[in-house]
Amino acid sequence: MIIVVKNNCEKNQFDNLVDWIKEIGLDVHISRGAHSTVLGLVGSTEKVDIDLISSLDIVEQVQRVQEPYKNANRKFHPEDTIVRVGDIEFGGDSFQLIAGPCSVESESQIIEVAKAVKASGAKILRGGAFKPRTSPYAFQGLKGTGIELLLKAKEETGLPVVTELISLSYLDMFDKVDVIQIGARNMQNFELLKEVGKTRKPILLKRGLANTLQELLMSAEYIMSEGNDQVILCERGIRTFETMTRNTLDLSAVPVLREKTHLPIIIDPSHATGVARLVEPMSLAAVGAGADGLIIEVHNDPKHALCDGAQSITPEQFDVLAGKVNRMLPIVGRKQF
Amino acid sequence: MIIVVKNNCEKNQFDNLVDWIKEIGLDVHISRGAHSTVLGLVGSTEKVDIDLISSLDIVEQVQRVQEPYKNANRKFHPEDTIVRVGDIEFGGDSFQLIAGPCSVESESQIIEVAKAVKASGAKILRGGAFKPRTSPYAFQGLKGTGIELLLKAKEETGLPVVTELISLSYLDMFDKVDVIQIGARNMQNFELLKEVGKTRKPILLKRGLANTLQELLMSAEYIMSEGNDQVILCERGIRTFETMTRNTLDLSAVPVLREKTHLPIIIDPSHATGVARLVEPMSLAAVGAGADGLIIEVHNDPKHALCDGAQSITPEQFDVLAGKVNRMLPIVGRKQF
Amino acid sequence: MIIVVKNNCEKNQFDNLVDWIKEIGLDVHISRGAHSTVLGLVGSTEKVDIDLISSLDIVEQVQRVQEPYKNANRKFHPEDTIVRVGDIEFGGDSFQLIAGPCSVESESQIIEVAKAVKASGAKILRGGAFKPRTSPYAFQGLKGTGIELLLKAKEETGLPVVTELISLSYLDMFDKVDVIQIGARNMQNFELLKEVGKTRKPILLKRGLANTLQELLMSAEYIMSEGNDQVILCERGIRTFETMTRNTLDLSAVPVLREKTHLPIIIDPSHATGVARLVEPMSLAAVGAGADGLIIEVHNDPKHALCDGAQSITPEQFDVLAGKVNRMLPIVGRKQF
Amino acid sequence: MIIVVKNNCEKNQFDNLVDWIKEIGLDVHISRGAHSTVLGLVGSTEKVDIDLISSLDIVEQVQRVQEPYKNANRKFHPEDTIVRVGDIEFGGDSFQLIAGPCSVESESQIIEVAKAVKASGAKILRGGAFKPRTSPYAFQGLKGTGIELLLKAKEETGLPVVTELISLSYLDMFDKVDVIQIGARNMQNFELLKEVGKTRKPILLKRGLANTLQELLMSAEYIMSEGNDQVILCERGIRTFETMTRNTLDLSAVPVLREKTHLPIIIDPSHATGVARLVEPMSLAAVGAGADGLIIEVHNDPKHALCDGAQSITPEQFDVLAGKVNRMLPIVGRKQF
């Protein structure tokens, strides 16, 4: 960590800062320049709060040399982590499709969708039971019943299931759920992260709408610091000034995260765009960017889908998409599914 | 609500949409233009999910005419809501200062700060017991002990206290806390919002880093829909491309929210800027913008404050600030404190 | 266009607004609701200034039903526009690579790069002669000499050339340049847009760092309204809160623009990311998203490239990239080059 | 400048970088850590292109210690620059109001407004002659005639005038204009900046919609590096995700710029918000934040103003606003006007 200090600061303020750094167990190298002085901190700086130092009157800027995450850091774990859901692998040269409806609505719906997406190559079934909604007046999901229906579809098709956990109080309903999803709005719900870090289930961690990639890695670090290293990162669109899409899908996140971390990275093209007809192009783009998989909303009821889950594509469209994805995989050095 | 439909859509898709709108109990007025058709929806549209309709292939755009919030809406409650904490009032022509340290650290610290800020005019004591931190390795607050120390300072000084609740599991520790703060990262933790909506305590609701003002009002609506209308809104900086300040304080939020809602609106200048020397100018700016109060970090230990809580100002600086605020209040039509 | 007016406005203000709308030649349909009144404007609304109406005290919101651009609008020109540079086509099922160095530096440099990228499949040579730089102290390009060197490379290799115009005063140096580039910083330099609209050369129009897709289309409209419909749109990254990449490449711009306009759309992956090793994954992503081409920086001098133009890839890396792009094209329904 | 280099880079790449740094005349201090090596560059680093170095494969990050601007930098010019327009001063403990219509429309309009705003305390008259408009179909100003009318109002009232220059080709019309405004969209039109840098008129430089404060200072540096140090900076709102206001007025820019530069800083509350009723609160907020002045749109024709220039306030509202501003000035340590 490097701290740039103004040269016009009072000597005792400067000495206080240096003393404080030594007290927390770090060494300091001091180089004085014409207009400012640079302190180089040597030691385990990941516990140092960069915001606190930045806020000091005498400090011009602070810059980390080492990243503040250790468990998620590729420097300390150069090999890809392979996250395993049964015999399905995320990471390495694998590529996985996760698919299913936005919300679980009925037994027949979820089983039909599960069968359809399995036939097209999906290896994991998704489906929302608890739905975090901006409005208190909107449908909030079938909750416990939704999870039961998902598990019936799992029994019927053999597909493992992933669904979102929105509060600690529902954790015991997730016993038979294969992968726990932490949604974008909960990416910095640190109490929830610590709790799922104590489980030994794979965690699908979605990037928050306005969170940096470093914050995403720090949230993965929360889970991993409790002993669970089975974390799949998921980019699903960030908030920008553009209004023609609901969010802006940040695909450069894939190669950037690939360098910073050993964890697998997947893309959710459905939420980012909010429009079914953008799902296929953005899915192929994600494959080109080097993603380890896709999580896609698929809905089977065209009449109903007209107004509920309409950002979903149909099973027929998903089948076409999956075919194109499969043709692309060898070009980016991955095994076909 | 207005839906613009493409004219080249198939008739049955169009009819399905119209039928579906009628099924959910709304009337539809249809006006056909040369390139598109406009549907005007009449009735209680606040339960209609605008994202779902936007995502339909045949839809060009959707626009609400009525806001999706009712309880928080000034149209339905033209008078200012006065939120009362004992005999302290937020709203109307009052103006309140809330002050105290970032984190509660010790009995002497919190009591000293409490006495100092009270002497300068603060009416409520703030202090963090549970600290949501980006890094799992950073200090996370004194937790239960922190709340006990806050309550001791309340006993000693008579100042009511406000502190942040970060998880439902800690709610029963908040029995004697006067105002429950919901932090920026939890603004869309809907389970938490519903639960504090069931209490009858005033809630200080902070805007999320990347949340729109409409989303802030929808989160207030979550609390109010459970029966608690004692909500104070707080702007504390939003995330933008600018990096010279930690966040960008959005002061136009004050007059905009004033038109949209009857709830009081306060400003937190400490977190937005992250630098102590910006607190005074941004506090005076907030008064100019028409805020109903300020929540400010104040720290009493200069040596320690060097590196912990350094974005805080000292009690002496707070006293100067409070004096200037008080001189400004009559100019903006408010009572001095 | 739809205008939502508050019901509590004074009658004469309302009447003034309606009169004014009629005076500018539009019809008005009025529907009164419980809390607001909706005015539907019928006629040629593209000249109505939406900002001016939004700013009226009595107006709650304004929404366009028709887009404010005509020439660039796919509704009025359903077929793809094919932009032709000699016998090279942009649009339809073609795909084109544009490549070359960031800055033109010397005759040998530009000719070597031109030969190399031509051998790998590039059809147009790019190279900066005038460089807009944030700092007045940075190298600003070889200017007129740079254009002469580009034209030598064109003579040598037969590749048409594209280079950026940064001021009207340099326009007469562009006589033999095949495609005029308008850079991101000049996307709303309306005087420049009008002037290049008077030429009959193809224009490569880059999206501004913080401009919406609608603004990009309005800038194309400026060029087209002067009679030049040979406009190629280019996405090159937008400004967001994320700092791990220089900008955020908005690939969903491709399918969204495809629906809104008939103009070809290409991607510049070099500027968005600022890092050579992200160019290949983002290029393949662009192909997946459905782009009509790529513009890529390629540099031939590894020693020099170490510190000048280092965001460029080498000719060898470009050759690998071009090969992968070519393999992908049939999957997205395009002809190989 | 500090460069952090990866330890796993090849020796010759590292040596090349060090050699290159020395070649451009800088000294290098090298400190090797466990995972990375830090290069400290000593010398005049303002000409080094940080983007180029960041883009090197072997580089993890680059951080400036010295700012890249010299002329605009308070470190090298600790005293406030006073910009003088006749005997009117910007900077120091002065505070100035600039006011006038969005567009100059007629002789009677501009003279009436000029008289009214002068009576309320404005010292400079503003008025748009050349209007940069997003749409080619919108009114683009009276151009040369507009400037003549402005100069008539100057003659009539004695108020100096400020108006926007949008292209070099119009510069000779600005002979008798007192202050040249560079608008937000031209903040990085570097050719224009250099040209106004060659004049000896005060320049009002507006921050671009998506430009950082450092970029604003670099644009001031362009003007100053040509010998003109009479630059007034103006914040007028930045582009964010919030849509309830047209832009987000970034008032913390005022105290932040105050530390970084000696140039005066004013606020334009009219464009940021786009709504007349937000102008007063945001003007008072600007005074609280420490601005050196305000530039405000005022329109005198209520009937016409209904739909043209409606974001303007009336002379009556301006008079009330000016009165409140004047009462606030002593509280923030400034002379009343």
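Here are some notes:
Going in written order, the chains are labelled A, B, C and D, and every chain counts its residues from 1.
Methods note: contacts are C-beta pairs under 8 Å (C-beta built on N, C-alpha and C of every residue); 3 or more make two chains touch, one makes a residue touch a chain.
The model shown is predicted, which means the values in this text are computed figures rather than measured ones.
Set side by side, B-C and A-C show the greater C-beta contact count at A-C. In this assembly, the chain whose C-alpha centre lies farthest from chain D is A. Rounded to whole angstrom units, the spacing between the C-alpha centres of chain B and chain C is 39. Centre-to-centre separation between chain A and chain B, using Cα means, comes to 26 Å.
Chain centres here are Cα means. That of chain A falls 31 Å from that of chain C. Multi-chain contact residues of chain A (touching two or more other chains) are listed as 210, 239-241, 243, 277.
Listing the residues of chain D that touch chain B in their complex gives 210, 212-214, 238, 240-245, 248-252, 254-256, 259-260, 272-273, 277-278, 281-290, 324, 327-328, 331-332. Within the complex, the chain B residues that touch chain A are 13, 16-17, 20, 46-47, 49, 51-57, 68, 132-139, 166-169, 185-186, 188-192, 194, 208-210, 215, 218, 221-222, 225, 239, 246, 274-277, 303, 306-311. Residues of chain C that touch chain B in their complex: 2, 4, 29, 31, 33, 35-36, 38, 40, 42, 60-61, 63, 65-66, 75, 210, 239-241, 243.
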